[in-house]
Amino acid sequence: MDFLTLIQIFDSTIRLATPLLLACLAGLYSERAGIFDIGLEGKMLMSAFFSAAVAAVTGSVWLGLLAGIASSLLLAGLHGLASITFRGNQLISGVAINFLAAGMTVLIAQDWFQQGGRTPSLFGGARFEPIDWPFAEALSGVPVVGPIYSELLSGHSVLVYIAFLAVPATWWVLYRTRFGLRLRAVGENPAAVDTAGVSVVGLRYAAVAICGVLCGIAGAYLATALQAGFVKDMTAGRGFIALAALIFAKWRPWHAMWACLLFGLLQAVALRFQNIDLGGVVIPVQAMDALPYILTVVILAGFVGKAIPPKAGGEPYVKER
Amino acid sequence: EPALIFDLGGKFDKSFNEAAHNGAQRWANETGGTYREIELQSEAQREQALRRFAEAGANPVITMGFAMADPLSAVAPDYPDTKFVAVDVTWLDAPNVRQIGFAEHEGSYLVGMLAAMASKTGTVGFIGGMDIPLIRHFGCGYAQGAKAVNPDIKIVANMTGTTPAAWNDPVKGSELTKAQISQGADVIYAAAGGTGVGVLQTAADEGILSIGVDSNQNHLHPGKVLTSMLKRVDVAVYDAMKAGENLETGVFTLGLAEDGVGYALDEHNAPLITDEMKAAVDEARQKIIDGELEVVSYYENDSCPALQF
Amino acid sequence: MTVPAIELKGISKSFGPVQANKNISISVAPGTIHGIIGENGAGKSTLMSILYGFYKADAGEIWINGEKTEIPDSQAAIAAGIGMVFQHFKLVENFTVLENIVLGAEDGGLLAPSLAKARKELEDLEEEYELFVDPDKRIDEIGVGMQQRVEILKALYRKAEILILDEPTGVLTPAEADQLFRILHRLKEEGKTIILITHKLREIMEATDTVSVMRRGEMTATVKTSETSPEQLAELMVGRKVLLRVDKAPAKPGKPILEIENLRVTDEAGVERVKGIDLTVRAGEIVGIAGVAGNGQSELLEVLGGMRPATGSIRLNGESLPLSGPGADGQARRARHIAHVPEDRQREGLIMEFHAWENVAFGYHRDPAYQRGIFMDNAALRADTERKIEKFDVRPADAWLAAKNFSGGNQQKIVVAREIERNPDLLLVGQPTRGVDIGAIEFIHKQIVALRDQGKAILLVSVELEEIFSLSDRIAVMFDGHIMGERLPHETDERELGLLMAGVAGEAA
Amino acid sequence: MDKMPKWADVVLIPLISLILAAILSALVILGIGEDPVAAVKLMVSGALGSTYGWGYTLYYATNFVFTGLAVAVAFHARLFNIGGEGQAMLGGLGVAMVCLYVPWPHWSIALLAAMAAAMVFGAAWAAIPAYLQAKRGSHIVITTIMFNFIAAAFLNYMLVNVMRPEGSMDPATERFPEAVHLPTLHELLAPIGISFSKAAPANVSFLVAILACFVVWALIWRTRLGYEIRAYGHSETGALYAGISPVRITIVTMLISGALAGLMAINNVMGEAERLVLNSTEGAGFIGIAVALMGRSHPFGVFLAALLFGFLYQGGAELALWTSIPRELIVVIQALVILFTGALDNMVRMPLEKLFLSLRKGSA
């Protein structure tokens, strides 16, 4: 395998990892605060639709992004209402949100655009364009460093950089700020936060809201940066992979990034080496397709060990029985 | 009143269900008629929809997709007075079923030729949704056409996945496109439903050519889509609805000769198709119609002479 | 007369159909220590949680320093100068001490300056009250005594003038408890007001100025400590006369039941917790193991109960007992007639969500007596439970109640009933009366002694020296995984045991 | 000492929640310009108004009972088995092999063999995640998600490359022989004089599903193993104290769960399709999660929730047949039902509890 192929695989890895990473960090905020969220998929999907729809109508991708985030926030609010205010089952609420998004997006899309549950294709300012770093063109000829700079680092959409900046930002918020301390505490022992005079409900809603914003960005990235429009079910299970990555990362920001990059890499490799010919034996495409999942299990079993979720996770905070 | 049963992909699958929908709409608009329709959600609904429509007096009942063959064989004998239309089914022994098959391999052969002629790198790509025989059938015709133009051509073929999500994952379609581009492909044929949207998009973004499928997708990225392999499901549905209860039953295979399949040429891709290209393709088309040239169907013996899956 | 620091007027509180507090009024003078006693479930914790804004009262008023104060949440309580150390600590286990202390009392959005400031202030507080803790240790790395200091420091860091302590000594060693009371006195001298909930009358008598008694949600009496006696308080609490000392005949030890040789235990983290001990328990005797929590007693008990592997040799009735592998789990131990009252009833001894009758089978669910064909004989189980509930006076006498809905004392009675009624050859008992009211303590002690009198061997682990003294026929002291020495209760005293527990070896053991 | 009479908890709250979901669904239907009253009528009469409707409702419910029970059993041990989908796929493979490759004299023997195969295949697919969870601590949620994907790929390979009859377009096995045809409810009820719709796919598997509910109920609440599963689920330290091996319980529970999910195949593969098709599970494994959660992991609750979902599926099919309501609307209705009856039930319960408490105080 030559160096350029490697660069391309890594480039592909970054693109595939970005939506996972955003969703994974979204889940991290929510679950660190004690609210399990299997509705990442639904929030992403909702945002994918609304960002594309609004971008298509207004011609502005930024308005699209805002709309995507708003729609995702709405679902996050619903999840909060169910699991924080009404102390409902967080898993059920997440399942419901996934269904709701899958249905509503197509219904509304068909109602608005009559294009078979899709949005019109986005052009020009309605799409996030790749950002070329300074001198990317000029440096591309330099050996080794050139391709890394101009192919791998440069030329992604702004949302990719936001996603990767969100990792140190999340780490900083979580471990270096008052909000982060309280957030982690409320996921471990809400009673401690409560008796320390901090509102458990407020904190959890804040966490769920951040989760909504990040899922919103993830969805907008899919529909307006990677693609140029919405197609039904276009998240294709990425919310669940993000959830797996979150557990893989044991709910830590840097680890989350590595986990998402790993998943992205495995997929990129599998996509690139379908039907490779190993001295006459053709590996069936299905085996290649399953490879990322098999490797995930192997890595998980071999190296990762036990993942212990935030202690108060999944349980509503009830003072009075 | 006719009835139309879409396959699980749903009527907006950007593929052949959508073509059926368009044909039905055309009929409705032209004649002012109405029709019933259902988008199946589960396997069990296949038989259910057939029976319900037949019992309600719908005639003809038009079904989409090879998977309807099995339920049709069970239901059709129970309603001898109802005419059924089965698109993509040709092997049933039922007197009241009009079975329509398309020679997709012939159409794919032509677009394969165009791809090979348009390719500067000598590598063309094929992206399928899921690894099922139908998709191999498309890919196989395509490969034969490409090889006919350039025996040394390299054909990169990929499938998107193994779950139903494979038909609706444009992001993966994009990545596969990029992967194929890096392997040298500069024309890529997508037979992957909603995933194909991503293939065409990325091809356009990256400045290579793509080939649409089923309906004419040239307009999606004018000047960037080389052509589309047309499968005139819309015509088949339109004709069936127009014929109504007096529908002729039997097995019909719609190939190049019947204009059931073909390649799309319109203002969006006219600049891309040179006169030599057009001449070469039209010649091949005529030869196939005349039987001078045989395009091997993947179904014949579950293998393809030009491409290994 | 001075204005009371705290005045509660007509406080009522229901949890659904349960009325935990009924029209309670109480007044506490500033600069005093006020005790509150009462049976398990009397409503003490509830009342204090209302004062701290953790629960909201259904009715009633709170007056602080002569001013009517609304306390809708803990924030308001903290603002009113109230601090509370809960019965079950409210600490974040995987945070450091320092992080726990600043949590909720940070200044500014950034953590670093808050932590730096807290670290400094903490040093001052530690100096002032001799409350030393390592600010950088994680809570799950320090013992309960330390954890409690953290709770107190948390309150002091928030400038509490009124400090509520809910059963603070339940988990402390005698030395730690003494230390705590010294601190409380110092706080009192500084003019702070303290409310102390405890089940230990000795502590009430020694530390408090006034004491209130609660029964079934009502405040039944408030008296000056100097004008009352433990016996009177006990009677006020329980409504009948209570024996405050265990009455028992001298032991008649028989043949050795349990013989431990060179037992070594290494925990999950690879630390050796028991470092080669030898111990024998005979039929008809109670051997008490004294020691500061964390010196290997728990591990010893867990090995005997089949909860963790070990090396060395143990014989039961002369036959060896496997120490690891499949024959060494709790089921195998029970098959060998070892019964086990675990140290932590809520995490180990009971399934809190199970009904009482299901818990009565816990560990013995494979007993043939509870089976009918391939099914469990639930009817037999329930009948058995009714019997045990009656015999052990479990209240409420409801076999269908979930374990979590019993008070701590009654939960413990269920566990003790289950284990003692097996009529085991060897009974392992860990902290049998932690957090249990005096009525129940009296009862549980009596049962243990009765079992001994039937000629059974009993190994008791307790951090309560008082309990060790009153129950044991022989006392072994553990320190750092070793047995420092064995003593007979009437030949030793608390001072000597205290020294042994601190690792100061006595004359040849 | 409950806050509310039990009937209110069991009947009133779900009922009010359903009504709320229905009201919201009606608003959505209005929003897309259709008539909600007619839609509800159509759904109810279509799903429950005839033996034909019941036949489909029960057919779907049967699938969901199996996958719901699978999730529920695992839940009792606090294991979140998201792998029902993959396990049911493998169960289908087992059924197909038994039905295709062995000549059976009578359906009843074939059914027993198919059940055994479905359970073994389903359990086998759960075994690796179970082992990894028990021994290596690998989180079962991740591994079961991954195994769903692997199962899909495996089945795709088997159907396209191995089991597909030569020259067939359909990535499916050939039809099972007539001898393994399972009697439908029509065939079962005809001898006792009840005429049940001939067209509907509900079959003898429904009875197996009911039986499975009872077996699971007995297993969980009447056997030692069930006792141990529940105890372990509530408290791992407690289990250790009682001598209940976490490794054993984890593995055994997951095997049972996988076997139940696999068992679904006797309904959809053997009973309905009578051949194995690609994606035959159609997401029933995931619906099982919702069913188990809504049924509070109790077999009876699972049964009711499965019926509810069967109703939604069949009612939705009727809507799709006779109106131009897009099928996504049905997904939305399902979402609202899950949301209100499953996640927002406290929204109804809290005020009701207050009401009952004040009623009680008033009368006391």
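For reference, chains read A, B, C and D in written order, and residue numbers begin at 1 within each chain.
Note that a residue touches a chain if its C-beta (ideal position, glycine included) is under 8 Å from a C-beta of that chain, and two chains touch if they have at least 3 such contacts.
If you're wondering where the values come from, they're calculated on a predicted model, not measured in any experiment.
With steps allowed only between chains in touch, the distance from chain B over to chain C comes to 2. For chain D, the chain with the farthest CA centroid is C. The count of contacting C-beta pairs peaks for the chain pair A-D. Computed from the mean C-alpha positions, the centre of chain A lies at a distance of 29 Å from the centre of chain D. Between the CA-based centres of chain A and chain B the separation comes to 34 Å, rounded to the whole angstrom. Here the CA centre of chain C is 46 Å from the CA centre of chain D.
The distance from the centre of chain B to the centre of chain D, each centre being the mean of the chain's C-alpha atoms, comes to 35 Å. Within chain A, residues 106, 110, 117, 284, 286, 289-290 each touch two or more of the remaining chains. Within chain C, contacts with two or more other chains are made by residues 16, 405.
Among the residues of chain B, those touching two or more other chains are numbered 10, 131, 162-163. The chain pairs satisfying the stated touch condition come to A-B, A-C, A-D, B-D, C-D.
Residue ranges of chain C in contact with chain D, taken from their complex: 16-18, 305-307, 329-334, 340, 342, 344, 347-354, 358, 361-363, 365-366, 371, 374-376, 378, 401, 405.
Interface residues of chain D facing chain B in the complex, by the touch rule stated above, are 56, 59-60, 149, 152-153, 155-156, 160, 164, 166-172, 175, 199-201, 268, 272-273, 275, 277-280, 282, 313, 316-317, 320-322, 324, 326-327, 330.
Listed in rising order, the residues of chain B touching chain D in the complex are 10, 36-39, 41-45, 47-49, 51-53, 66-67, 69-70, 88, 130-134, 137, 162-164, 299-302. Touching chain C in their complex are the following residues of chain D: 1-3, 218, 222-224, 227-228, 230-231, 234-235, 237-238, 240-245, 353, 357, 360. Of all residues in chain C, those touching chain A in their complex are 15-16, 52, 54-55, 73-75, 77-79, 84, 86, 90-95, 99-100, 102-106, 108-112, 114, 154, 404-405.
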